[in-house]
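Read through the structure below, which is laid out as structure tokens, and then see the notes.
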Amino acid sequence: MDRIGKEYSITLLGSSHGKLVGVIVEGVPAGTELDVELINMELHRRRPGQSRITTERIESDSVIVETGIIDGKATGEPILAFVKNKDVDSSYYDSIKNTPRPGHADFTNRVKYKDHHDHRGGGRASGRMTVGLVIAGAIAKQMLRKLGIEVYSYTKSIAQLVARPINITEEFIYSDKNLVRVPDENLIEPFIDYVTKVKEEGDSCGGIVECQILGLPVGVGEPWFDSIESKLSHIIFSIPAVKGVEFGSGFAASKMKGSEHNDEFTLDEEGKIVTETNNAGGILGGLSNGMPVIFRTVFKPTSSIKKEQKTVDIKNKTDVSFKMEGRHDPCIVPRAVPVVSNAAACVILDLILSGGYYQIE
Amino acid sequence: MDRIGKEYSITLLGSSHGKLVGVIVEGVPAGTELDVELINMELHRRRPGQSRITTERIESDSVIVETGIIDGKATGEPILAFVKNKDVDSSYYDSIKNTPRPGHADFTNRVKYKDHHDHRGGGRASGRMTVGLVIAGAIAKQMLRKLGIEVYSYTKSIAQLVARPINITEEFIYSDKNLVRVPDENLIEPFIDYVTKVKEEGDSCGGIVECQILGLPVGVGEPWFDSIESKLSHIIFSIPAVKGVEFGSGFAASKMKGSEHNDEFTLDEEGKIVTETNNAGGILGGLSNGMPVIFRTVFKPTSSIKKEQKTVDIKNKTDVSFKMEGRHDPCIVPRAVPVVSNAAACVILDLILSGGYYQIE
Amino acid sequence: MDRIGKEYSITLLGSSHGKLVGVIVEGVPAGTELDVELINMELHRRRPGQSRITTERIESDSVIVETGIIDGKATGEPILAFVKNKDVDSSYYDSIKNTPRPGHADFTNRVKYKDHHDHRGGGRASGRMTVGLVIAGAIAKQMLRKLGIEVYSYTKSIAQLVARPINITEEFIYSDKNLVRVPDENLIEPFIDYVTKVKEEGDSCGGIVECQILGLPVGVGEPWFDSIESKLSHIIFSIPAVKGVEFGSGFAASKMKGSEHNDEFTLDEEGKIVTETNNAGGILGGLSNGMPVIFRTVFKPTSSIKKEQKTVDIKNKTDVSFKMEGRHDPCIVPRAVPVVSNAAACVILDLILSGGYYQIE
Amino acid sequence: MDRIGKEYSITLLGSSHGKLVGVIVEGVPAGTELDVELINMELHRRRPGQSRITTERIESDSVIVETGIIDGKATGEPILAFVKNKDVDSSYYDSIKNTPRPGHADFTNRVKYKDHHDHRGGGRASGRMTVGLVIAGAIAKQMLRKLGIEVYSYTKSIAQLVARPINITEEFIYSDKNLVRVPDENLIEPFIDYVTKVKEEGDSCGGIVECQILGLPVGVGEPWFDSIESKLSHIIFSIPAVKGVEFGSGFAASKMKGSEHNDEFTLDEEGKIVTETNNAGGILGGLSNGMPVIFRTVFKPTSSIKKEQKTVDIKNKTDVSFKMEGRHDPCIVPRAVPVVSNAAACVILDLILSGGYYQIE
């Protein structure tokens, strides 16, 4: 199913070159105040054509809300919200129908759906489908904000270049304003230079997005299958190009000792129980422990590159060489930043609504 | 909920010091042949007390199947299967009730459940609950095997020591027979030595488990929220002590270029479409591409250590120092190996049953 | 949630006086041939303004399919299909906001949603929402037809007037062509006369719809909570104005003896096992037994009547008398006939897809 | 699946002649006080062997709670509770394996499960499985009682004999103490006489159970698929032998006019909005309206009778005549009374927990 969430439930709609891409959101209580302009603001953050280092395709996505919000308030009905697709020429995709693009879902979709799916522009496997995730997240964020919960994300690394640890929240706001969404001013130019270089080579590069969730009370999440890690990783791994997710110390934990890794408890100035370090990434036993929830998501280099590649002609059963056309992001990371935080917001809200923590008004 | 899966659905039962730990398995068609001894074999692999480098606690877990299997065949009813807990002295856990152990779920559970949960031995947050996962996985593996699908796992690294790439399947079988479950004979002694050393220090260490799923046809999985990555990461992150999951190239992808990362398609000797490399980890667009599905799971160092640590006395609201007693695994990785493969088997079977790929007889 | 179904899943959208009413349908395999005109044909059957005995409001509902069907074939995406609402004057509903209409959901919705729901025209509680059920059913019927399964419904009774047992399928086709959808030509005029009379009185009347499902193989359904009766009654009781559902012998069974009620098994001419009577309504132990599945649904008299009624002014906390305006169906039964069969089709298809009975192509 | 419920979720376990029959209950918050003796009391009410008009089989079902309740309090874990089956001689069922009993699920189960299910004593289709429903309901009732909600049921009719309307709650308590569970003292002897007579004939009879839910606040339930009627009918139709369910006026509504059927609103002495009649059965638009929720359930005559019947020998493909042995209830209605109220309690609690109405402590 293209659906996720128990109490805050979202269903992705549409396809890359279909009439629209969007989402159905269920679970918003009647009377919830929702500002449609905040949805457009989040959509703006993932939009292509913003700078010389993203794809040159221009989309002026503006959300259309057909049901579920009247006069800035939720009615309790399912919310149908989407962005219309521009009429685009899909003939290129017909020309490559028999030569699956390396790194893309062309091959697997063709085998699974026997040519019955919408293959144009990647169809339902396209990154453009994240528009629906962003719309749903922009609604979730408004509900979380009323509870004092904020979800931030930013570029942690591109290739070998790694940003220093962030001091929320000024630096987040800073990161949101530069082209590469990095909270480290010394890295802005190096990031841009590197991405520009791989673009000129007709190549692409990967990177890491870090996300922090602030303001969660202790005890959100459930043991086992509704743990925060299980639910967050589930939605994050559905985003195209994600190859890994780690919480807190993450993969570095494999090289640590227990005496280093355990976050010792102490009392802060206000007598609140906190941990001195945060290797746990804000989660113990699947539940929030009151510290920031921190996770990192790795994005592979964009699969669409201009360099010559080898593939197979499925019809003629021969090896062929292959060069991709079109305008593509040499590095998806800056545009993936808002996708990660909005996807995360959906899950956190779902856990909160499921657990009966708050009455959101 | 303590439940996961749509068509192959499992619900974990019990708690560490309760009467039993086990599982309800739903979705096994009437008539499926199931060998209860194969369940015991998988349980044996996760059992403590197997060697000098695991906990010295001895459990002789033998599965009891109360419903759903008669004369070696599934009846179509939900299967209730469990292992009885020995009567254990839980008084130690009462003595530490007010001093949450660093790295454990004591603090978060206490806040969430207000002392109403079963806190003895970690209760429901205990690693002992993975007995239910292993039972369910041992049933799933029998069903997968009939379809030619095998799920293997082994120790990839402990601390800085990393095993070389595995050549399935001889090396897997080899790994399964040594104490540390590593498929690299040159690492057996170094692993054992390292773990023995940290144990003597009263400390613990972490590591990485790699898992390979062989024999999947092309097209298992769904786009978006039922992608193989989403579903596998969901169950894997529910296992205690997991801090990260990565597929194929994983976090290394952040430092690669597209031209390196894209797996080029070619035809093998039999004319089957394969990829020359497997950075995708066997998955494109959420669907299996016919190559081995490969993922790695990082386990933090065991939280239970004998070294002195700081914590907080919750009742008296003071910082206290704290030394843990009891017998614990200095490194959980070797015992986590079968937990990972069995958890993965549950998810893969669920995807296969949901997609209507096969009629399992 | 406004959603039902596991493998064939539908989510109702919109509200009576909102922009649209419609449905999201998930679970249609890519490549399924779907004729949009057959959806319009089913919508035509529930449309008002068809005759002198239905409401005089005129709606020319024509379905718009935004996603999921291209060139007469399903793409595998969720199908978004709806009918646009005409701009209507909702001021009447504002004038009665404080005086809940007897028999309607005004009072309960107001208490539950604290005035935040869309109350115009009954909002989400309106019978107009059945447009989404009919669209989803019209798709389901096309898939069922390929498996040789047909779902028929017709008016069984209005007030005291009860049609004789039907001989499928000629009589069904006949019933579908007369104004009151009755398969008994001797009852057409009496039905029309009776409804005309209550309409002239400013009153309304109820009746019973019978539904038959033909062509089901033996064994569709599951024991217990996915029994055919459980699943059918669930969706049928969601239709506004339904007060009861009975299968086979139904309420008459309370007055029968076992020796009368038990349907004895025998062999038909072709050696197929059949039952001599069908008090079971085609279902034994929750599973289809190969005989026609038969159930009856009772609809209460339309709540909207012109006669003076008593209600309460919620704001002023006083009893008031009340006369409704507007054009309403004096008897909803003929228009409910296609709603019942289309709702039933959704459930039957869901059971079939869940049970892996067929591969629908 | 053998599972129902979203927030209060129950899974039935076992089979008639297996090791046990019982249930897994999920969704009871940690700390909820639960009296196991109240479970036994409800089980006692459905127990056979209580009188000369029920089956003479004797079962002394006493519940065993293996997980989820410690010292009279829920731990938050899934609750595993069951009744052990006595060792019984199943050889009779082997002797009738090829001659499906009229009215039973033998034929449909055999076709669906191809002899792989547990056929002994009806297996999973047996009325004995309602033990699990009663256990789950007995837990739900304890939670509802804290919210001031009570679920009552009683025999409304047997054959032609119909009890007069009940004045809760004295009469309910009265009904619970007589053999036939009727709240009308003038009907006790006639009921017993009638059932005794059909028993002597080797025959059986049906009847109707009425259920009332008192104390529900206004607004419980959801529009459409989570309406009170949809959810109640779903679980009630899963009970073996049920042929129909009606709410409030029920099937009689087909013969009423709107002006008779509409329940007019008025203010009671305390200024609370009530309706003067209750044809709605306490539900408007799927939501509770504050009046008693009333529904009736019809049970067919017991299928197991001693009179000679015809059936088919499946193996030899011949018509045969057939006489059943064993001890059976000539009328299941008195024993079905507690099954109906306990099943209803599960659904009502689920709706309340899903809607976030109350924090149950």
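Going by the order they are written in, the chains are A, B, C and D; count residues from 1 in each one.
Following the convention adopted for this analysis, contacts are C-beta pairs under 8 Å (C-beta built on N, C-alpha and C of every residue); 3 or more make two chains touch, one makes a residue touch a chain.
These numbers come from a predicted model, not from an experiment.
**Student:** Could you run down the chains that neighbour subunit A and subunit D together?
**Tutor:** Touches both subunit A and subunit D: B, C.
**Student:** Let me check something: if the centre of a chain is the mean of its CA atoms, which chain is farthest from subunit D?
**Tutor:** A
**Student:** Compute the distance, rounded to whole Å, between the mean C-alpha positions of subunit A and subunit C.
**Tutor:** It comes to 41 Å between the two C-alpha centres.
**Student:** For subunit C and subunit D, let me know how many angstrom lie between their CA-based centres, rounded off.
**Tutor:** 27
**Student:** Just give me the whole-number Å value for how far the CA centre of subunit B lies from that of subunit C.
**Tutor:** 48
**Student:** Of all the residues in subunit D, which ones touch at least 2 other chains?
**Tutor:** Residues 1-3, 12, 124 of subunit D touch two or more partner chains.
**Student:** Can you list the residues on subunit C that touch subunit A in the complex?
**Tutor:** It is residues 1-3, 9, 11-15, 18-20, 24, 26-27, 29-31, 66-67, 70, 73-78, 80, 113-114, 116-118, 123-124 of subunit C that touch subunit A.
**Student:** Give the list of subunit D residues in touch with subunit C in this complex.
**Tutor:** 1-4, 12, 100, 102-105, 107-109, 111-112, 124-125, 129, 157-160, 198, 201, 203-208, 218-219, 222-227, 229-231, 233-235, 237-238, 240, 242-251, 253-267, 271, 273, 275-276, 279-281, 284-289, 298-305, 307, 309-312, 314, 317-319
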